[in-house]
Amino acid sequence: MQFLEDPVLWIAEWLREVLLGWGASELVTNMTLNFLGAFVVGAMIMVIFILLTWIERKAAARFQDRIGPNRVGPFGLIQPIADAVKMLTKEDTRPKGADVVGYVLAPIVSVFSVLMTWAVVPFTQKWIGADLSVGVMYVAAAGSFGIVAVLLAGWSSNNKYSLIGAFRGVAQLISYEVPLFLSLLVPVFLARSMGVNDIITSQTAVLFAIPWLNIPIRGFFVLAAPLSVVIYFISSLAEVGRAPFDLIEAESELVAGYHVEYSGMKFGLFQAAEFLHSFTFAALMALMFFGGWQGPWVGTNNLTGWLLGGFYFMLKTFFFYMMVMWSRLTFPRIRIDQMMNLNWKFMVPVSLVLLMGMPLIDYGLRGQELWLKYLVLFLFNLIVGLIAFAWAARADRRVKTHTRVRFEGRPVAVMPQAPAAAEDETAG
Amino acid sequence: MIPLSWYLILAALLFGIGLFGVLARKNVIAILLGIELMLNAVNINLLAFWRYLTPGDVTAQIFTVMVFVVAAAEVAVGLALVISVWRKRDTAYADELDMLKW
Amino acid sequence: MEPIQIVFLIGAALVLGSAVMVVTRRNLIHAALFLILTLSGVAMIFVLLEAFYWAVIQVVVYIGAIAILIIMAIMVTRNVTGDTVKPFNNMAVWAAMLSVVASGSLIWALSYWPAFDQTAPVADTGEYVIRLLGLELFSAEGYLIPTMIASVLLLAALIAAIKSAFPISQEEE
Amino acid sequence: MEMTNLLIWLLPVPPLLAFFIIVLFANRSNKASWMIGVGAAALSFLGSMVVFFQAVGAEHLGEHPFGSRLDWLPLNGAHFQIGLMVDPLSAIAIFFVAITVFMIFIYSVGYHNWGQPKGDDDIPGLPPHGATVVEHGHEHVVPSIEPMFARFFAFIGLFAFGMFTLVLADNLLLLFIGWEIMGLCSYLLIGFWYGKPSARAAMIKAFITTRVGDVFMLLGIALLYTSTGTLSFRAILFDEQVLQALASTDSGFFGLSVAGLTGILLFIGTIGKSAQFPLHVWLPDAMEGPTPVSAMIHAAAMVSAGVYMVIRMFPLMAAGMEHGHLTPPMYAMALIGSVTALFAATIALAQNDVKRVLAYSTISQLGYMVAALGIGAYVAATFHLVTHAFFKALLFLGSGSVIHGMEHGVLHTGDHHVDPQNMYNMGGLKDKMPRTFWTFLIGGFALSGFPVVTAGFWSKDEILADAWAHSQFVFWVLAIAAFLTAFYTMRQITLTFLGKPRTKEAEHAHETNLWMTGPLMVLAVLAIGFGWVGIPESFPGLGNYSNNWLHHFLGHGLPEWLYTEALEFSWFPLIASLVVALGGLGLGYAVYKDVPSAEEDPLKKVLGGFHTWLENKYYFDEAYDFLFIQPAKWFSEKVVFQLMDRKLIDGFLHLVARVTYWLGGIFRNYFDIPVVNRLIGDTLGGAVPQWFGKQLRKVQTGAIQTYMILAMVVAFGGLFVFMITMR
């Protein structure tokens, strides 16, 4: 095996031989390699986190017509290191009456839940931690630990703001997990498999080729289920707890939510978890709906396989991460009742309709051409989406008129002013 | 290889611990925790039987499904009852909820 | 002793140890957190049983939903979680004896069973099983009716939970 | 063929979808509701027509009906199959059902005042009271839109679904499902204006009365299933061996064969559903619902379903028939049908409510069909079922139009004490409501069997001819009933439309809009035209132009051994039917030409006290009240409560109490006080039980965990014993 064919596997093989040569048993070798693999993936993700903070600050600055970090290093690239140093050297406080174990454990569990997800993420066709047969469910399971972390942090801080924040957070996370995984089930159904790599490979099927140019259009699931993508995106925003869904840490109401009492590197870990959560969801979006490492000229077994594949995957992931930031930096925060209504009265029903309707259509069109299936599924998504949005707009209007009537009916000393523009809380 | 007996012993012990929790704890929620332990013991047994005795047949897993369903339903209803009792009587201790005493 | 057996023993120790903590901790929140640990241990046992699907479901359902729900309920009824009160009722000794008897008699009863020390046969436990499970759950020849009954049960439980947990409103009183 | 089989499955679907869509989504919008409802009816109508004409064109439809089957309920290894089937009978049935249902849907839009403003003080659950509008500077009252407009279309959609299911079913269970769906819908729709106490009473009455029949029908179905192991029509009715076996097995009840018993049980279902003689009481009260519902119940769906079922089961009913010798179910049908026909017709003579007259005429006409089937006139019964559906739907919708016109007058004068349904408040509506009049006239003539031109004549004539050939008794009863029918129909037309207006309201009556009159006109065409498909070939003159298509088409839907050629022509029944129809109509006009008010009804003078009987429907409601309801009340009050509970049980208990009291006294005085108390009680005796009690009551702590521990101890004790003894 050439190094360039697959550097990771080459190194693994080499290490295996070295270890076996040293007289280690098969078992010890395997365990060492597995541990090393997990360590490398985890470390890489944490390195990406450092990069993400820089991107975040830069992007936020650009959105707000500022320059952003530009002193430390070229383009401020060393800024994250400075941040890290600041975090690490900050005083590590612990509130009186805090539950020590929980207090210390919470940030760790929080990061842990994110890192767990990456075990099933294929960077290229072969670079995957564990190609589980239940990959998608595994992602769901890993997400569950995040909720535990929130609850743990909120409770063990012995602070009522953090507890309220935790309550809100749990309510939000549990609620939005429903549409999130309902929409993740759509690719599962389309690929007939819960394995992440299976889902990607079943997106390679060619729908049709553009005539003359002979460029094949591949059946990424976004073409069959655009509405699921939208739902997935919105609910993943909520799962991360970023604006417009950052009610968990609404500072005007709750100071800072469940991590009020955290400082120093513990807070840093929460921060890391949040950033990496967004990044993970962006990666999952790329995997589930946009073909993951698929792209033009990606081969299976050569240099282009890993180089281009990894490149495409990272490209897509960073693109969706940019979208997450974009929505974070432009939308105002919504109210808690609006958040719940959006979830239970809009997204859950719509995703249920999708999940029930799409298999029916698929069954009805069994044996037909693939492009026809995709077309009909796309139209179905479109129609459901239009109806749902029209419906929601109508309900919204009804609510608005209702409130206005009530509002006018109340005698007030000073006429209430129209609410000011959304509070400025977009600062990085 | 792990023999079947290990799983069965583990499940039996877990069941016993859960039973102790159910029988001895004061707090109703703690009793619920004990019930969860017992249900988990059952699941271990079911899946062990599936793996060791009938790996080609999923009947045991169907029963696992049912156990999960029952667990979810039981927790939902149980906690709702705890909360509503707590609202009314301001206690969540099983031995204080003894209106049916002699 | 084979390595996989060591792994099993670690898992079993985790399960049993944290289970003991669940039933003995005075602080209910701690008990619930140990419950999460127990459940994770059980998930690990499931992995050893090659029931990957159930390991994952265990985490999603038990940790992601049930444990969280329990913790929230504990927090709602917080003023009685009190760390000062004795956690056990006055029958704890009897209960302990009974539990020991229960576990012991279960093990004793099972130990006479011929398949008690059986080892696992080689079998396909991957995607095939999940597929089969899905087919069995949703085909009329299989377990469709129990599945439907189970789903109705869940729905009824949810409605019942919502109804009984809501504070009694003025009109109803 | 394949497409047709698929299409059949789609026929009942649109109304059901309409029901769910309206209930779940569209219920806020009246416009969307009626559009969905009417659209669904139109889809079903179109599909039905396609299927019908396919069926007409198909060869050997009787032997190879359209349809397909699906596995449904897993039953112990096998599946219970359900399927839909279109054989000649179903084809004819969907033809008339689809048309009438569609017309009723359209009519309902107008009937519930679509396009009118919202009422001033309309409450859901009560009929609309009218709205005040200001036009050209002055106020006037116009009809207001029904407050529960959407609800109506939802329910009626479900109703239509039930009827389509029933008609297309290929087995008795599916038929029964459709049957019960309609039962539910009739309940809901009769009580549509649930604000009225009378409507509430009527809905309960209809539901309970039909339930009586349904229980017996279910018994019949169960009996059929246990004795044959299937409920499929093809497997039972078209298999001569099965029928032979059923007819020759003794059921053990009243000396009936299994076929006979099943037939009678099923027929009791029809008695309930089609309002035959002892269970007819619900139908007139069902008039409490809105008029389209009455039309639905009386013409298109509900009561036709009962007759349809017996027609469908006719081979079973006739199983064991030899050489015109009637089987017990047929005998029962002939008897009850003819009695009902005459009996209901007499009641109709004395009713003043425009809808009630029609209600009793429906009962009477259903009696016709049942009687016809009872004497074996399969084709004639079906023929009359179809023509009756058309003209009775027409009459009901027409009467609704009349009532609407009258309500217009009521709103105009503002006098709300005038009953817009009382025929004596009408008169002279011919000029006010010409379209309604002419269509109503056609319907009325069809009902009376006006010779040659109307459909009713041909079907009724066929029944009479069959009756003449098979049973003189039935013939004479039906002929008298036909005469009465013509008489009261003409009475109705005369009182309503002819002469001069009797009230101010009638003067201000107004023709209804095209939503309502349009369906009337369509149905009027059918009420005339449909008769032509069944003109007997042997009819003098016209017969030469006819091939009696209906007879051949339907007759070949029957098993071989039941098929009979059309009857030879016979003059007597034709003359009889001419005489009764024309005579009744003429007499009716002559008598009621100018009757000013209800008090001066000439029939009153002629019939005297009997008229009061008729007016009160032979006191049937009162009789049922006296016979069943009061005894039940009396029984529960006097016997169960007073006698059994108070006297017997309490008395016995009191006796026991006294005896024990007395015994206790003896024990106390001679044993307890001297022996127990003195001897034992004061020493250790009192203390020991007390101590035991104290110890034992600790078991009942009220704490659940104690009980659990005890239960566990018992369980594990049991396990131990089990393990040890098994060893």
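Note that the chains take the letters A, B, C and D in the order they are written out, and that residue 1 is the start of every chain.
Simple rule for what comes next: a residue touches a chain if its C-beta (ideal position, glycine included) is under 8 Å from a C-beta of that chain, and two chains touch if they have at least 3 such contacts.
It should be emphasised that the depicted structure is a prediction, and the values quoted were computed from it without experimental measurement.
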item: Pair with more cross-chain C-beta pairs in contact, given B-C and A-C; value: B-C
item: Centre-to-centre distance between chain D and chain A (centres being mean Cα positions), rounded to whole Å; value: 60
item: Rounded Å distance, chain B centre to chain C centre (Cα mean); value: 6
item: Euclidean distance of C-alpha centroids - chain A vs chain B, Å; value: 34
item: Centre-to-centre distance between chain C and chain A (centres being mean Cα positions), rounded to whole Å; value: 29
item: Chain B: positions in contact with at least two other chains; value: 19, 23-24, 94-95
item: Contacts with two or more other chains, residues of chain C listed in rising order; value: 57, 65, 89, 91, 94-95, 98, 102
item: Contacts with 2+ other chains: residues of chain A; value: none
item: Pairwise touch network: line, ring, star, complete, or other; value: other
item: Chain C residues touching chain B - in the complex, by the definition given at the top; value: 2, 4-5, 8, 12, 15-16, 19-20, 22-23, 28, 31-32, 35, 38-39, 42, 45-46, 48-51, 54, 57-58, 61-62, 65-66, 69-70, 73-74, 76-77, 80-81, 85-89, 91-92, 94-96, 98-100, 102-104, 106-107, 110-111, 115-121, 123-125, 129, 132-133, 136-137, 142-143, 146-147, 150-151, 153-154, 156-158, 160-165, 167
item: Footprint of chain D on chain B - complex, ascending; value: 19, 22-24, 31, 94-95, 97-102
item: Residue numbers on chain C that touch chain A, as the complex places them; value: 3, 29-30, 33, 36, 52-53, 56-57, 59-60, 63-65, 67-68, 71-72, 75, 126-127, 130
item: Complex contacts: residues of chain D adjacent to chain B; value: 697, 700-705, 708-709, 712
item: Touching residues on chain B, where the partner in the complex is chain C; value: 1-10, 12-21, 23-27, 29-30, 32-34, 36-37, 40, 43-44, 47-48, 50-53, 55-56, 58-59, 61-62, 64-66, 68-77, 79-84, 86-87, 90-95
